[in-house]
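Just below sit the structures, each encoded as structure tokens.
Two complexes come next, and they have one chain in common, chain A, joined by chain B in the first and chain C in the second.
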Partner chain A sequence: MSTSIDQQWTTRLRRRVAGKLPPEKLLPDTQPAYVSSWIYVFGVTTMSALAVVIGSGLILALRGPQWWHESSIGHFVNSLHLWSVEIFFFAMVVHLWGKFFMGAWRGGRTATWMTGVVTFLASIATAFTGYASQSNFDSQWITTQAKDGINSTGAGAFFNVLNLGQMLMWHIVLLPLAAVVLTALHVLLVRIKGVVPPYEDKVGEAQ
Partner chain B sequence: MSSKAFRPDVDAPEWKGGHSPYDIIKEGTIALVVVGLLTVILATLFGAPDDHEITIKNWANAAPTDFAMTAINEMNGTTTTAGYGAPYNTASDGQKLGPLTLAKWVGVRIPINTEQDFVLGPLESLPYNAQLSSALSTWKSASTSQQTTWVNNYTKADSTMTFKNGQIAVNASNAGPVPVFINDLTAMARSGALDTALVQGGNFFSMDYTKPLLFLSDGGYLAQLAEKQHLLGSQWGMMNETNSYPGQAWLWLYTFWYQVSPFSTSANADVQVWATMMLLSVILLFLPLIPGLRAIPRKVKVYRLIWREHYRN
Partner chain C sequence: MAWFSFLAALIPLDGYGHYLHWGVINISVANFIVIVLMVVTFIAALLLPFPGRNRRKESK
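And now, the complex of A and B:
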């Protein structure tokens, strides 16, 4: 018999979450035997690089946007930020190609694929606003060139790449928030659905 | 009733094989440490580029005639910004995607009048100068057609432009106050005062560099420096970085389209390339739902390499 506690939103949400993502799925201690390839390393590498990107970005935020131009320590932290971004994209692109060749959307994993693609696109936008916010010669050139593409779509009226303040806010608040939320969603979907199994040998051969 | 047929590009077989130990926390920790160390090594070995920004002052001192020529072109309406269209002005329809003028539909949201915002406005902000004050009064009291005649007469003679002893000189006749404007604006730029005057709104605080960046990019100086750093669009510049550092390499496909026909010769290349990339992004997003495309990985069989141990067993 259903009690009033059973009808509470909190109770229902907790049961729903626990049903979809029990602790043994969220933090698994075993994995299917087919998960045995170097390609699987690139997902966790992408997330690790994202952590370093965010960590170095937080340190840069502590001292403000001029710090890295004026201080050797600031310049080094900016170098960490740059190289972690390069590692992040390298790992993410390899991860994406790997998942494509595995047909990783199979078995009800379409949403996992889609959140991954949207995360990739959001990451490109985040990196672009970072390049636009450097406040040096490179950012002057990048923004004056990029404005033409964005303006041609009509979006430039609202997303003005020549406005340093706007680009910096998008880079350090809005887009990282989107990238982190999307990444978290993507990882939770991976945990809920599990890693896609191999193609059936006979199916793969027969088609 | 028979069960639904197995669709090899949509469905996945249920795994009935064995499992192996997996320490997800240990894996994540090791990955973080390795990536962190790799980042420190790369940052220590290679650092990061930081070429100093170019000011209007730098430009006007390094290339005064290029600056002055750009200034008169801002007045006669022949610079990129002056003829841009939306979101800056209504001088043109802007780029078209077939019959669609997307930017024009959105309209002028960042209004820029190059003559007023880049030349006359900054000159009006200068401390009192009898010659300039008289020139500005003459300009304001003249008709629009008279102003156009003066600007056109100066423009016709701009090939004779010289810069000597800090002065811009042009062999122009009946150019009214325009020679004073161009000369004084060049002097203002060379002093650094124009950089400040151009920052949006002339406020004490500002982080909007739309006007100085547009003016700077209308001249030839910035592009000359960019070409030396292989940053032009024709040099795959969007994915390059100053001093040969790796840049936004992930933009390779976006950059690629600008190198090939019909985009490389199109007046509407920007909007066409954006539309192409948006279409490709949507295809990538919905790839699991597109028959044919979603069958590619099964047919090319790279998966047999990825899961080679599984198939061997």
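And now, the complex of A and C:
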């Protein structure tokens, strides 16, 4: 007999989450032996770089363009932001190659792969709007070159690269939010499914 | 700051970019170097032994 407590959305949600992702799966003590390879390090490297990107971005937002263009500390934080982005993409690409050659979408892991794909695309858009938000000659050049390409697709009607305010908002609000939420989902999916076994094993026979 | 200007002189960043052309392929030297480094990192990640691996194998 199901009581009214059983039907509460809080109760149902808690049971569903606890069933799919019990604490020992969310934060496991051990991983299968095949995970002890450097190729498995690149997901966390990507995540760590993303943390530095967001941290340095928050400091840039705090002080504004004049500071990052004109003071030496501003230059330093600006460079920290750019170089952590370089490491982020570098690690993400090595991660992507690793997962591609492992066929890491096997055994019901399509959603893990696809959240990765969408995060990759969102990250490219974030980087692009970042280049457009520099507020210097470089960003002027990039946006005036990009506008014709983007306008020819029709997207210019709602995504105007010459609109600095809009590009900055996409860069510091919408796209980072998407990247962080997608990354969280991506990693939770890895936890729910467990790490994919190597090709020799039968698909789905994880751990 | 002398070492800093030395570094800056080693890698001049103020001039025009350098590009490589192979038929239809046209890529900046900087981007090409990054791609080569990613491939090297990928291969190294597959070949280099991971620390603690033997310990785990023994206990199996």
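We take it that the second predicted complex is superposed on the first by the 199 of 207 C-alpha atoms of A that agree within 3 Å, B and C clash if a C-alpha of one lies under 4 Å from a C-alpha of the other, contacts with A are read in each partner's own complex, and residues count from 1 in each chain.
Going forward, a contact is a pair of C-beta atoms (placed from the backbone, for glycine too) under 8 Å apart; a residue touches a chain by one contact, two chains touch by 3 or more.
These numbers were taken from a predicted model, which means no experiment stands behind them.
Touching more residues of chain A than its counterpart among chain B and chain C is B. When both complexes are overlaid on chain A, the residue A:Thr143 reaches chain B alone and has no touch with chain C. Of the two partner chains, neither chain B nor chain C is touched by A:Thr119. Applying the stated contact rule after C-alpha superposition, one finds that A:Val94 touches chain C and leaves chain B untouched.
Once the two complexes are overlaid on the shared chain, A:Pro28 sits against chain B while remaining clear of chain C.
Once chain A of one complex is fitted onto chain A of the other, the partner contacts of A:Thr110 are limited to chain B, with no touch recorded for chain C. Look at A:Val41: by the touch rule set out above, it reaches both chain B and chain C.
Contacts of A:Thr129 after superposition: neither chain B nor chain C is touched.
Looking at chain A, you'll find residues 33, 36-37, 39, 41, 86, 93, 98 touch chain B in one structure and chain C in the other. Chain A meets chain C in the complex at residues 33, 36-39, 41-42, 86, 90, 93-94, 97-98. Residues 27-37, 39, 41, 44-45, 47-49, 51-52, 56, 68-69, 75-76, 78-84, 86-87, 89, 93, 98, 100-103, 105-110, 113-114, 117-118, 121, 124, 127-128, 131, 134-146, 148-154, 156-158, 160, 162-166, 168, 196-201, 203-204, 207 of chain A touch chain B in their complex.
Remark: chain B residues 6, 8-15, 17-25, 27-28, 31-32, 34-36, 38-40, 42-44, 46-54, 84, 86-87, 94-95, 102-103, 105-107, 109-110, 200, 207-210, 213-214, 216-217, 222, 225-226, 229, 231, 233, 237-238, 241-242, 245-251, 268, 270-271, 273-274, 281, 284-289, 294-304, 306-311 touch chain A in the complex. Of all the residues in chain C, the ones that touch chain A in their complex are 34, 37-38, 41-42, 44-46, 48, 50, 52-53, 56-57, 60.
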